[in-house]
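Next, two complexes with chain A in common: one pairs it with chain B, the other with chain C.
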Partner chain A sequence: MVNRSKFRAFFLRVPTVAWVLLLMIIVFTISSPHFFTLHNISNILSQGSILIILSMGVIVVKITGGIELSVGGVMTLAGMSMAAALMKFDWPIPLCLIVALLVGTFFGFLNGIFVAKMGIPSFIATLGCQGMAFGIATGMNDGRVFSGFPRQMGYFGGGSILSIPVPVCLSAIAFLSSFILLGYTRFGVYVYAIGGNEESLVLSGKAAWWHKVKAYMYSGFMAGLAGIVVTSRNMTSQPMVGFGMEFEAFAAVVLGGSFIAGRGSAIGAIIGALFIIVLRNGLNVTGVPTYLQLAIIGPALIGSIVLSILVERGLRNRSYAGK
Partner chain B sequence: MPVNNQPSANSKRYILSLIRVCREFDRARVRQIAFRFFRVLGLLLLCAIITVSNRNFIRLANLINILRQASAQIIISIGMTVVLLTGGIDLSVGSVMTVGSAVSGFFLTQTGLPWPIALLAALGAGTALGLIGGILVAKVKLPPPIATYGMLWIGKGVSFGIMGSTPFFGFCNEFRYLGKGYLFGIPFPIWIMAVLVTITFLFLKYTTMGRSVYATGANQFAAKASGIRVDRVLISAYAISGFLAALGGVILCARLNAVDQDIGAPFLLPAIAGPVMGGTSMEGGQGGVGSSVIGALIMIVLTNGMNLLGISSLWQQFVIGLVVVLAVWLDVAIKKRS
Partner chain C sequence: MKADRENRPLLQLLGINKAFPGVQALKKVDFELRPGEVHVLVGENGAGKSTLMKVIAGAHTKDSGRILIDGQEQRQWGPRVSRSKGVAMVYQEFTLVPFRSVAENIFLGREKLKTRVFLDKVKMYREASDQLVSIGIDLDVRLPVMDLGVGEQQMVEIAKALALNGRILVLDEPTSALTVPEIELLFQVIRRLRSKGVGIIYISHRMEEIAQIGDRVTVLRDGEYIGTRNVSEVQLDQIVVMMVGREINNLFSRSFCEPGDVALRVKGLRDGRRLKDVSLEVRHGEVVGLAGLIGSGRTELARAVFGLDTLLSGSIELFGKSVAKSNPPGSLALGVGLLPEDRKRDGLFPILPLKHNVSICSLRSMFRSGFINPKVEQSLAKEYIDKLQIQPSDIERQVKYLSGGNQQKVVIAKWLAVGPKVLIFDEPTRGIDVGAKTEIHCLMNQLVNAGHAILMISSELPEILGMSDRIYVMYEGRIVAEYPQGTGAELIMRSAMGFN
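Up next is the complex of A and B:
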């Protein structure tokens, strides 16, 4: 019995999507010799780094019970403003990086104030911020791209440290920071508490709103980081580059087990993000035509979400019944 | 008489208190009416400002043009409103719109079947997608944003599967009448929109099912306890939303005379922001069809006005985002105070 309950606890802790991911990797490895190669894995990770970084920020907001739909716009604007600082004002590169991170954090701050202080539903508030960010990003250079950066700028998207691509290092840092923040700090406790029952947190005399604002600021900061990576990788900054990324990050977070407020983890979110990236890459590598890819991704996404919710519910019910 | 003095003082006090009550009553009443109609006032104010700066706005042709542009948006927003009233959200409307256009385009250009069948097939496909979403919400008990987000991808897959990579274009005239035609001098989409607004208004206000929608949104458990079949209400709400989204897609592709894979995607976010701006609560149970009409009109008037004022389309998104946030904030603030 003890063994069994331990087994169950283990299953409860590992998101179901991890098993689906494992299965998927096995299937792709069997069906294509090009999939499980060092080159392709490093390719997957560096292409997926943007989604990973974004979902590391979004998960924190999602746990507080918010839906964060502004990261696509914010990451675009961060990249554009960094490029503007670099090309128009000739600022040194480190300063430009700080500009991008500040722009991201500022928009996160706006989101947080809208949601926590003004009481606007997070869906609408972040949607509005997304519109504003895209508006500024397209308006600031009359809808044109910035390009012709100095060569050093490409380091954050194309360089490597100890033969590991820099984007992969950055996404690892993002993951570690979210992991530690959520699991081992007081802020993390507050984030889970806000998602679990915000009212009781407020009634017990804690200022919940500021922690909520901080969660959004953190997500904005991550969007800024993603903006740096994407701009540096493309060596241009396009005013629509982040379009749709907010939905992908949302999907990644949900796949990773954050179905309702107060649930979810950094590990789950990174597995969810990897799921999406691996699915895309695997379909490409095995040579599935583009329109079929879309037809496969949809059912695969919803299928694994349904599966993980059902599995989780079943395990819970059974473990309650066992007690 | 000693008592003579007393009543006069009393009556004086009485009259004074009556005046006070009247004044209070009036103020409360005025406030109530203002709260109810302040969004309409906002819309009128917006129109007035635009008219002052550019006379062309108030021309009949422009107003009809605005309504025609708004009609597809309003039709989708109605469906979204019904779903929002149940306390859910439907993220799949944009993609279902694309499916509606793709299916009708397929039947019109790739088969020899008459156009009503294309129309029916499109509406059927939309309803089916909505139905699946509803079942996922009501029976599998997925959170609505997640279930409908999945349906968004499935819709995308379906329309890509139907279209491959080639867009459909060149439909027959009878079909294009749905989007381009005129009836009594007014564009046909406006008629469709008006009929649907009326039907949904009556449905939500006077039918048992309509009232159940509100009850489900206000408190699902209480609704269940009082004998409402919550599952059915939810499933039909999502099916209605799917149906209307497909209809919106049909109207859109009939007007454009072409379909591509991204035809519906830009409609999703305004379809959510519109009703919420118009006063439908995202928590469910509050709002109505009027809200979706007003919200959609505010957005279209804003866009049209910015075009007339010569504001670059690059900055328009910024203004719209700002307006959405401010409008919803105003709504929340006023609700909190009253």
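Up next is the complex of A and C:
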């Protein structure tokens, strides 16, 4: 009996999408010899690093109950700002990196103030900031891209440390950062508290609104980091590069089990992100045409989320009846 | 000297006044709490209990009056001071964070850290566990709160409130969501705390709890202090009189009439979850009481009859005709109305005006063309405001601003507008003050006299006893007994608790 309930508890903790991901990896491995190779895995993770980094920020906001739809625009603007600092003002690269991170964090701050202080629903506030960010990014070089960066700039998107691609290292750092932040710090507890029961935090004498702002700033910071990676990998900064990324990041965290406010985890979010990345890559490797891929990914996302909810509901009901 | 200190009140409130725009919520209220006593605070809804609690917690600032802690006047009083002086509040709505552990909840806002950044989980688990043990609870503090039962969550709330050297524990209707064994556990915890010298302010709607757990009782009415009595020296009737300010000779004014044909017949209902095997019938012109503990399946039965949940087996018969598969639109069309347990969540559209709340179920039958005639809708709402005496009589008022009793009347009006024959009242007077309660009961009386059939679920035995023609008792998903009008409370309670 104890064993069975432990078994159930384990299944409840692991997001359902993890099993779908596992299944998918097996299927793709069988159907293509090119899938489960070191080269392809490294490639997948490298390609997916931007989504992983964004998801690691978005999950924090999502747990507070917020919907963060600005990260696509913010990462674009961060990349453009960095490029502008580099190309127009000739600033040294480390300073340019800081510019990107600051731009991201600042937009997070704006989001946070709109949501936490002014009471604007998060998806409206962040969508507004997204528009603003894309607008500024586009206007920054009169709609043109920045390119012709010095070779060192390519390190963050194309370099490697001990033969591990730098973007993979950065996404690992982003993951560890969110994992520790959410699970092992005071701020993490407050993030869950805001989502689960904001009133309780206020009654505990804490300035809940400020912790909410910090959550958005963290997400903005991660968007800034993603902006660095994408710009460095492409060696150009395009004013629409992050278009649609906010929805993928959002889908990743929801897939990872953050259906409702106060729920979710960094592990879940990274599994959700990997699901999307592997699905895309697998479809590529197995030769599904791009236009069909979009038509498959959408329903696959919805299907996985529905499945997750059903599985969780089933497990919960049974454990309830078993009491 | 020592005896003197022991008798010195922990907390004294003298002549507290508090006004909100348009209302004098508290008028010169006095209150005193001694160490090691359970001081019950009672009063109708709107009597000022919550306001007084919020003044004690520092959430509201008093307009005038004095607050004394250990005999010393407190000039600065706010949430922080209140907490630091040992006031521990347990609110009616739970304030726990569902996805985090019991320990993290107990230490919310005061987390133990190591190296100034990371949570010291080991220390938090140990201290939280100690805290729970000290109030007599054994619980795995690593479990996320969402995996606990409501009763256990309540205990976590208390442990959390007391964790900060709480000496003054304020419990706001702590039993409203608990089952009988959970209530017993809560009372054990309260007794243990009392013996340790903690002063407990206990707010309750349930009269029987005053005798069970209270040492003294203070009554508020309309924001005024009415009096304080020792529980051992007072009859519950006297307290009721103090609360309502008038003698209630006949709390339940039922006039019984000869019941007619069977309106609703349910046979062998099973849903594979809570309902094990339920059969009952309700006739025109009778109120059938459905007693039972929380969790016995009463609400599930109501939902199943209305067609909200799917059934595994069993049959439902309305007015002699079998219903193949009940569903809410079908029930509406056949004349079954459900007044849900949680009226704010399930029975009303809180931010819609009163008129829409009244008309919402009858729009289809009233406006066949598909277009709403606002005048007709308004006159419908006005008609029911008059009939049910809904206050304030403003058809544009959002119903969230109405009192509990008037909100319930709006739900009743909504159904009456449809013209139903069978009405299921799930906890019709929960959280409603005594005056409005009587009005709701009168309405029910009128309805059955007019030939309606009412199935009334209630956790309040006096209500079941006073209102019902017949009484069914549910226990663990089954009807375990049926009693005629005039059965003693004890017998019903025994059945409800599974003794036979």
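The rule is simple: the second predicted complex is superposed on the first by the 322 of 323 C-alpha atoms of A that agree within 3 Å, B and C clash if a C-alpha of one lies under 4 Å from a C-alpha of the other, contacts with A are read in each partner's own complex, and residues count from 1 in each chain.
As a working rule, a contact is a pair of C-beta atoms (placed from the backbone, for glycine too) under 8 Å apart; a residue touches a chain by one contact, two chains touch by 3 or more.
Remember, it's a predicted structure, so these values are computed and weren't measured experimentally.
With both structures placed on the common chain, the touch criterion links A:263 to chain C but leaves chain B unconnected. Shared-chain residue A:184: touches chain C; no touch with chain B. Once the two complexes are overlaid on the shared chain, A:203 sits against chain C while remaining clear of chain B.
By the touch criterion stated above, A:152 is placed in contact with neither chain B nor chain C. By the document's definition of touching, neither partner reaches A:37: not chain B, not chain C.
Of the two partners chain B and chain C, it is B that touches the larger number of chain A residues. In the superposed model, A:192 makes contact with chain C only, not with chain B. Against chain C, in their complex, chain A makes its touches with residues 9, 63, 180, 184-186, 188-189, 192-193, 195-197, 199-201, 203-206, 262-264, 317, 321. Across the complex, chain A meets chain B through its residues 67, 114, 118-121, 123-125, 127-136, 138-139, 142-143, 247, 250-251, 254, 259-260, 290-292, 294-299, 301-302, 305-306, 309-310.
In the complex of the two chains, the chain B residues touching chain A come out as 89, 136, 140, 142-143, 145-147, 149-158, 160-161, 163-165, 269, 272-273, 276, 282, 312, 314-322, 324-325, 328-329, 332-333, 336. Contacts from chain C toward chain A in the complex involve residues 79-80, 83, 89, 91, 93-100, 104, 108-111, 113, 117-119, 121, 147, 273.
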